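The next part holds the structures, each set out as structure tokens.
Here subunit A shows up in two complexes: once beside subunit B, once beside subunit C.
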Partner chain A sequence: MSWIRRREICILLYVIPAAIILINHFSGSLGPVTSEIILWASTLATFAILLGVISLFQHHLTVLARQRRGWPYSIILLASFLTTFAFNYIYPTAYDFIINRLLASLQMALLAYVGFYSYTLFFRASGTKNPYVLVLLVAILLGLFYNLPMRDVIWTGWGPLGKWVNDVPNTGGMNALLIGVGIGTLALFIRTILGYEEAYLGG
Partner chain B sequence: MLRPLALPFPIEEPTRKAYELLEKVPKGGVIVLVSDEGFPSWAELGPGEIAVYRHAFRKVKQDGCKVIMLTCYEIAGMILGERALSYVDLTGLKYGEDWVQLGFIPGYEAVLAGMIKDLKSIAPVDKFGTPTKDIPMLKNINSIDDYDFLYACTYTAMDVYIRQWGEAALARGVPIVINMLSGTVPLAMPYYRAGTLSAYLNSVIGGAGYEMLIGQPGMGVALLDAQSTAHLLAIGLIIFVQGIFTVRFMTRRR
Partner chain C sequence: MILPGKRFEFILFLVLLGLLYIAIELSRRGIRVPKIREFAALQAIPEAIGRAAELNRPVHISTGIGGLSDEWAPMTIAAMAILRSVVEYCGKLGVPVKYFCIRAHMLPAMQDLVRGGYVRGGRPERYSEDMVEFVGDGQQRALMAAMMGYISREKPAVNILLGATFYETYISLGCGAVQGCLQIAGTPRLYYQGILVALADYPLIGQELYAAAAKVSGNPPDLGSIAGQDYNTVVCLILIVVTTILATVGSKLWSMLLSW
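For the complex of A and B:
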């Protein structure tokens, strides 16, 4: 069965569906097959979640068995996972409480912490004599004023000025960036179908 | 919270456009609502999400439109979409005939690509396990040819939606509206200027504007005072620190 692990087989598994989708995109002649492949992608994503859960358990059970650094956190993680999973089927009210009250609040609090981090950054890192950083600070100020809900109370010009920055320099820069990304994606695709790209094969 | 400032705020042009596009959905039209936000983004995206849901279901009541809800990024999106739905008055509406919840379908870009080609193939059952082929509302709805309005709420890169929907939607004249974080608006600008992205809601300010347009001020308008003061603090800190730094620098040079 060693042939199944051959590099060519893995590349073919990528190239054949990609070619079918590409041909259908330009000709429209392989519609049903393309739909089936896209459905497979969704099904595979479901299995990927299962694979993720298995890997999670493998990793944390190993941490516990070998009592590696931070092993008590593994107990908390596995207990949280199993409790949430079980509640979803046996006691949905508790599951809703965990998701809506605990998880949602904790994740929001975590993001709020990033806010405080940003303000510390504004206070500690704003002072500069580097002209490039000064340009960046001016751009930040413009962005902040443009997104300030009460901007018109301070000066009615912030709206048109911010809109111009958004529409002209920003759009130009972003267009260039997107074209670069597009060309890069195309190059990556060609490298992959020709077998030069091996990162996705674990190479 | 203790004393609301109730300062005026501008309703941005993309917000107004988003409202007008949903308002223009014809009688019996199909509105697709994709909720791909996460819990951390709820404070920013929630106001817009709730306002769009309220408007969409108002269209269901007034013009007999149909709503399809789904999530494809992470399960939190489905939970938050349903949270937005809890703000909507569903009296008189029937599940399966007026609206349908397809739930969380893993696969993200594959799902976005699939839903415009063959919805029933990527969603064989709805959130409650009912086969989609047996849902009366979906009898004649299966691809972008049947949709009239595409909406997504995302807290990650918005270009994913344009990549998968843009070409087909533009060819058929189906508007795409995205509710996104302020940080991703610059990325959206090329698509907006090119017309691939029809309109967008810029975080809280977009959500608050939409609330005003539908005549139901809520969480967005309430959050604007907090956003104003937070922005002013940031502006103040930058100017203050740079001012002190410049004065010190000049004094040392002398």
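For the complex of A and C:
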């Protein structure tokens, strides 16, 4: 049984479900099997979460035991985890409060950073020594003026110009990129099913 | 039997797959091994890791929120192929790595990838379980907070973000730019191409991520797959030109082929 090696089995576990899903996409004849495979994937993912939780506890308990820098944050994290987990079963009202009032607000606050970084992108880009950035800056300016409520007051040409840039070069470029990405995905797929690509197996 | 409306798509799929296979086989047998241009992002990796070693600061790596069980899997696999060599360089120079894992099913694979990198680099004793930290399954905000906190506190010398990245691209690269990290980033995701160009020192645009993943291994079959991608691009260009002419002259052939 020496021919059964771990990597070959892992590759087969990738190839067989991929082939079934692909056959079903074109023929529609393996619908129930495809649904079953997708269900299995969800089930396995649920077990994987357990692994993740164990890793999370291991990490933060180690931080606490060794009193590493920022250890009080580990206490907050573990306490938050256990409290939320317990409330979900013991006191659902409190659980809803944590999710809808505390977590949602914190998440919104964090998302504000996305806005901050995206608005300051223009200023950062202007300091970058890269010729492509010039194209980006021109596109940003055109986009800004195109979406400006008072654009026609400045110049009536912003509307048609912005629309043309959006519909023609932008859509063309996006589609070209999409074709390239699709071909790249196909190349990676064939490398994986032939066993040349093994990075997803780890070490 | 192939479903109506998918027959042309199926034939095109087989043609593209066949061209890729031929290119890979030609390269594998040494008949036609393509020469691939250098990627600045790949060339910068040893220098970047060396810089981290000199500054005695860690390297932050990320594959974004894409996993191995969703439609973003090819991007994640490509990212893992590049990160494999990044971690090996880190192993050689003894530079600590940090990876925040957002997909539970990727945890063992990434732990193995990082551990393997240190083993291949000749310093397995420098590997620590803490290097791969789980932050919540599919919890993008948790990943963003973890990245932002880590980059702000630890100030890594190098920030590498590859794969299927979403909003965390803004956070990771934005925060990295503020902290002065050398940034290598690449994603085929359309909406984030602009931010890569603006904020990454070495961006990998669009399908460059896939090509770089093949290039980093240096194996003839992988290099052959890049040549295969070029053949496929030529097929797509021919199709675009032909269909444009057909549409211009008012032919119904194209719509017939699509509904076949």
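Heads up, the rule we're going with is that the second predicted complex is superposed on the first by the 157 of 203 C-alpha atoms of A that agree within 3 Å, B and C clash if a C-alpha of one lies under 4 Å from a C-alpha of the other, contacts with A are read in each partner's own complex, and residues count from 1 in each chain.
Definition applied: contacts are C-beta pairs under 8 Å (C-beta built on N, C-alpha and C of every residue); 3 or more make two chains touch, one makes a residue touch a chain.
Quick caveat, the model's predicted, so the values are computed rather than measured.
Contacts of A:Leu178 after superposition: both subunit B and subunit C are touched. When the two structures are aligned on the shared chain, A:Thr93 is found in touch with neither subunit B nor subunit C.
Of the two partner chains, subunit B is the only one touched by A:Tyr119; subunit C is not. Applying the stated contact rule after C-alpha superposition, one finds that A:Gln67 touches neither subunit B nor subunit C. Of the two partner chains placed around the shared chain by superposition, subunit B is the only one that A:Leu39 touches, whereas subunit C remains out of contact. By the touch criterion defined above, A:Leu144 reaches subunit B but does not reach subunit C. Once chain A of one complex is fitted onto chain A of the other, the partner contacts of A:Leu111 extend to both subunit B and subunit C.
In the superposed model, A:Ser27 lies in contact with subunit C only, and not with subunit B.
Contacts of A:Tyr200 after superposition on the shared chain: subunit C is touched, whereas subunit B is not.
After superposition on the shared chain, subunit A has more residues touched by C, the comparison being subunit B against subunit C. Once the two complexes are overlaid on chain A, the subunit A residues touched by subunit B in the first and by subunit C in the second are 41, 44-45, 48-49, 107, 110-111, 118, 124, 128, 140, 174, 178. Residues of subunit C that touch subunit A in their complex: 1-3, 6, 9-10, 13, 16-17, 20-21, 24, 68-69, 73-74, 76-78, 80-81, 83-84, 101, 103-105, 107-113, 115-117, 119, 129-130, 132-137, 141, 144-145, 148, 153, 167, 170-171, 173-175, 177, 188, 190, 193-195, 197-199, 206-207, 209-211, 213-214, 219, 221-222, 225-226, 228-229, 232-233, 236.
On the subunit A side of its complex with subunit B, the touching residues are 31, 34-36, 38-39, 41-42, 44-46, 48-49, 99-100, 103-104, 107-108, 110-111, 115, 118-119, 122-124, 126-129, 137, 140-141, 144-145, 147-153, 159, 166-167, 170-171, 174-175, 178. On the side of subunit B, the complex with subunit A involves touching residues 5, 7-10, 38-43, 76, 79, 83, 105-108, 110-111, 113-114, 117-118, 121-122, 159, 182, 185-187, 189-190, 193, 202-205, 208, 224, 227-228, 230-235, 237-239, 241-242, 244-246, 249. Residue ranges on subunit A touching subunit C, taken from their complex, read 25-29, 41, 44-45, 48-53, 55-56, 58-59, 62, 70, 106-107, 110-111, 113-114, 116-118, 120-121, 124-125, 128, 130, 132-133, 136, 139-140, 174, 177-181, 183-192, 194, 196-197, 199-203.
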